[in-house]
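Heads up, there are several structures right after this.
Below are two complexes that have chain A in common, paired first with chain B and then with chain C.
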Partner chain A sequence: MTHRLLARPELGSLVGAIAIFVFFLVIADPFRQTSAMATVLYVSSTIGIMAVPVALLMIGGEFDLSAGVNVTASSLFAAMLSYQLSLNVWVGVLVSLVFALGIGFLNGFLVMTTKIPSFLVTLGTFLMLQGANIAITKQVSGQVATDNISDMDGFSSARRVFASSFEVGGVSIRVTVLWWLLFVVIGTWILLRTRFGNWIFAVGGNVDSARAVGVPVRQTKIALFMGVGLCAWFMGMHRLFAFNTVQSGEGVGNEFIYIIAAVIGGCLLTGGYGSAIGAAFGALIFGMTNQGIVYAGWEADWFKFFLGIMLLFATVLNMWVRRLAVRR
Partner chain B sequence: MTLIEMSTVGKRYGNIVALHDISLRVNAGEITCVLGDNGAGKSTLIKIMSGLHQHDSGEMLVDGEPTRFGSPRAALDRGIATVYQDLAVVALMPVWRNFFLGSELRKGPFKVLDIDTMRATTRDELARMGINLRDVEQPIGQLSGGERQCVAIARAIHFGARVLILDEPTAALGVKQSGVVLKYVAAARDAGLGVVFITHNPHHAYLVGDHFILLNRGRMRLDRKRAEISLDDLTREMAGGDELTALTHELQRT
Partner chain C sequence: MARNPRTVALLALLTAVTLGVAACSSEGGKQEEESTNSGNAGVADTPRLTIAMVTHEVPGDTFWDLIRKGAEAAAAKDNVELKYSNNAEAPEQANLVQNAIDSKVDGIAVTLAKPDAMKDVVAKATAAKIPVVAFNAGVDNWKSMGVLQFFGQAESVAGEAVGQRLAQEGAKKVLCVIQEQGHVALEARCAGVKKGFGSAGTVENLNVNSKDMPSVKSTITAKLQQDKSVDHVVALGAPIALTAVDAGKDAGSAAKVVTFDTNKELVNSIKSDGVKWAVDQQPYLQGYLAIDSLWLYLTNGNTIGGGQTVYTGPSFVDKSNIDAIAEYANRGTR
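So, the complex of A and B:
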């Protein structure tokens, strides 16, 4: 039984999350307030929603470096389409879903067709999107941000879906926290309870074996890239309806935060092993550290430093736990 | 009953002739051994039978019909299963997930995996082959090489394979483990399967084989029934035949 427990990929990140939680609880007074908890959860959810598909993709043996700028690209796409054509914002929202899935498909298609490692293919789409985001926004709106869409048709209903808040016991909780939980549950369900989940582990663990027993490798991997596109669209919509406008240079660097959350959560860099719940703990560790440093009154610039330490620590811990699990 | 028949099958990769004029039969309830050195064309031959590659001359008949498989799935659907030496399983995945990989059982309106049935079936099927696992949830990488081969063979039989292609199943194994695997090869034959046993070990081949085919640089060098050849002759042919005799003379100390 202990053996089974040790073999769970998320164990290391759970222990890490508890340790960091206790640490900030002890050293930072403001961290103990429920409103601070709500902020931590919100920050974690903005990373966590993307960490789920990124973790699934990593388990499937691939990377997506364009994930961060794809969030910005889909929100820019929705904002400019709706504003320039004076459409109901829901039209922009839905067309941009097709756009984001298309980016995911393109990534997957190029990786599977050219056989070039996904690290390089998505580095290419990352640079292309990063450039196009700013260039097209400047061209269309004459500035580096999109026009404010808060007075347009459909804005308030879209905001309710993507960027509202609700009260629990006097504390305001952002709706993305609920969406995050939902995505983690769906991701876990897919991985452990569906045929597609079995295929994800197989194409990441040993692609040749998977192909030999009839797993549709190409479709599985393309679907995983499209999953990243889907969640990038969702986060893009959240940013758009939370801030009414989009800065075209945003999102760069976030792709690494998603990957770090997945790795802290126990995903193997080489594929074939990991979990969606672990990625959620990874995102929570990110959120707690991000806010905890501020609450503790430290220089915020130390955050990246601590993130690096945690990444190294988590990787070593996960390796150790896995070795313990495999030895019998 | 002939399950697969190849007549004058050839395969080229660009200018390189990988296979030339190969003719053989795979019969139900028989073990056809394909022997040959590295680069003799053994791998190409099984890749054609298992759907990873297509032949470009000659004919392959499956159940009497000319056939060209587009994918491993197509071959599997016709009952032709291949167990590869090094890629039989996904090491980090639990035994039962490996067992059902690509043929998962699902139930209910949401088509969720029927995990309980798959676990129980895996345990039963392995027990029937004499492998008693404490826990089918353990990663298959924890099993020994021989056990992994046996799981892959049990899987092929369970999913209704009529032809079982084994790619060097004993190559990486010790003497004892090889014996275990050979027992399952014989068990598969007794169950009525047509077995294609690829190996470069004539001793292993002769222990179980009914029919021996020796490949050399893509050509058939020898095609004998068990009654027509002795182990010594097979070993000698495998080692190089006349070339070996010549070499012996050449190296003879005076």
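So, the complex of A and C:
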């Protein structure tokens, strides 16, 4: 039992997360408050919700570089559709889900049909979406951000679902934290308890032998890309209802943060190995570092430098723990 | 050849000294910098305060350097500990304000480039009884958000002023260079230029990527080669303006360059007839006032501007007043 526990992919990232947590607990006073914890959890959840499907996709042997801008694209789509046609915002929300799943399907379909590495295919869709986000937004609303939709029908109920907060012992916690937990649980259940989970490991480990034993490779991979689309839609809705408007240029660069979170969490870049819980710890490490540096009051110019060091530290620790576990 | 280790060491030392002396530059460099002790006015005896400044700065822009210098000068005088943080993406900037609230700072100075996205977190700060002042961006929105004071300029007004002046100077075809596609304030500036320019001619926008200067230069060069009728280029930031001057030379274009915002190099460029003029919003003053106003409010209950916007611009910097400003620019505070 202990051996099985030690060999889990997420163990290293758990140790890394604890180390970073203790580190900031010691050096940054404000980090010790519960309200700061809530902020850290919120920031982590905005990364973590996307890190789950990205990790599953990586285990399945593929990348999605369009994940970051797809978040922005789906929120732009929902906001503009509802506003321009004066619809109940829920209509925009649901049509936007179809749109985001469609982007995911397109990515998967192109990768499987053309046999071009997903890195290149999704780089293409990433650039296309980035341009279309700005161009279409400007064409439709005459400015680079969408119009404020906060006074429209359905906004308050959508906000309750995607962007509300609740009090626990006087501390206000964002609802995304709960959604994050739910997504992690679902991701873990799929990976470890379902046939589809076995297929994911199989197509990521060795695609030819997977095909030979009858795994539907094409369907599995397209479904994984659509999973990224689903979560991108979810995050897009959160951004829209938390901030009322969306800037068309945002989201660029976030795709790497999701991948980093998955890798810190023990996913192999080559596929076939990893976990959803690990990706959650990866997101937590990123969120703690991201905010901890500011709580500690370190010079802002060095922010990215410190971030890089902390991430390297977490990753090295992660690898070391895993090697130790394997040696046992 | 000398085999004795001591001779070798001596030779090495001599070479090093010679090289060291020869390597000194006779002019330029740090040696010519003047003292930057602008905030040499002593320190207030009020209790130590902590103020957070949260901006939408894209790292590495000279403009924000001036804002920070102003803020630091005020903080040094007012016995304030300044906590500076920045993120160009609105949700992340909102998180940084939340971070400041968690840290229980005494006051928050924030830029409102994307006011809708900052509304909730600013309300949280006021609910936590932390006074908030805004600066630089958000001139139309700060009052409704419970912000105490605002220091900055209206981007559209500044843009219109530029457009009107270009029309007066007989421009016919103007190129407005946007260095960050999709940036609200920058787009507002170009829209303002167009409005102020009116029927005097046409204004065309050109998108470039400010994180990659060589591509900025080649894009502007290509545009000037393609369209010979462009007679004025409007840049929206000092580094872009300086690059545009180079690009104009490369393209063999006679187009004149004017710009929003200044920095040290730009002021010298106006002096030497590179850039024609600049419209200045005094970033140093914005940073300074943001901190100083919070100090006044926290220690004496004052508000600067009596609840109205305090405009720090637009003012024009051209040949006629450049000498007065050049001295401060070389010191790095204008």
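Quick note on the criterion: the second predicted complex is superposed on the first by the 300 of 328 C-alpha atoms of A that agree within 3 Å, B and C clash if a C-alpha of one lies under 4 Å from a C-alpha of the other, contacts with A are read in each partner's own complex, and residues count from 1 in each chain.
Throughout what follows, contacts are C-beta pairs under 8 Å (C-beta built on N, C-alpha and C of every residue); 3 or more make two chains touch, one makes a residue touch a chain.
Treat the numbers as computed from the prediction; the structure is a model and nothing was measured.
Asker: In the overlay, answer first, second, both or neither for which of chain B and chain C A:208 touches.
Answerer: first
Asker: Mind working out whether A:30 is in touch with chain B, chain C, both or neither, as first, second, both or neither?
Answerer: second
Asker: Contacts for A:114 in the overlay, against chain B (first) and chain C (second): which applies, first, second, both or neither?
Answerer: A:114: touches no partner chain.
Asker: Just checking: does A:300 make contact with chain B only, chain C only, both, or neither of them? Give me first, second, both or neither.
Answerer: Touch status of A:300: second partner only.
Asker: According to the stated criteria, A:156 is in contact with first (chain B), second (chain C), both, or neither; which is it?
Answerer: Touch partners of A:156: none, neither chain B nor chain C.
Asker: Can A:84 be said to touch chain B (first), chain C (second), both, or neither?
Answerer: Neither: A:84 stays clear of chain B and chain C.
Asker: Is chain A touched at more residues by chain B or by chain C?
Answerer: Between chain B and chain C, C touches the greater number of residues in chain A.
Asker: Would you tell me the residues on chain A in contact with chain B in one complex that are also in contact with chain C in the other?
Answerer: Residues common to the chain A contacts of chain C and of chain B do not exist here, since the sets are disjoint.
Asker: Which residues, counting only chain B, touch chain A once they are in their complex?
Answerer: Spelled out, the residues of chain B in touch with chain A are 50, 52, 71-73, 76, 82, 84, 87-93, 97, 100-104, 106, 111-113, 115, 137-139, 141-142.
Asker: Spell out the part of chain A that touches chain C in their complex, as residue ranges.
Answerer: Touching chain C: residues 29-30, 33, 35-36, 39, 42-43, 46, 133-134, 137, 143-145, 148, 150, 239, 242-245, 247-250, 291, 294-295, 297, 300-301, 303-304 of chain A.
Asker: Under the touch definition given earlier, write down the residues of chain A that touch chain B in their complex.
Answerer: Interface residues on chain A, with respect to chain B: 4, 7, 193-195, 197-199, 201-202, 205-206, 208-216, 268, 272-273, 326, 328.
Asker: Which residues of chain C touch chain A in the complex?
Answerer: These residues of chain C touch chain A: 59, 83-86, 89-91, 94-96, 98-99, 101-104, 114, 116-117, 119-120, 180-184, 187.
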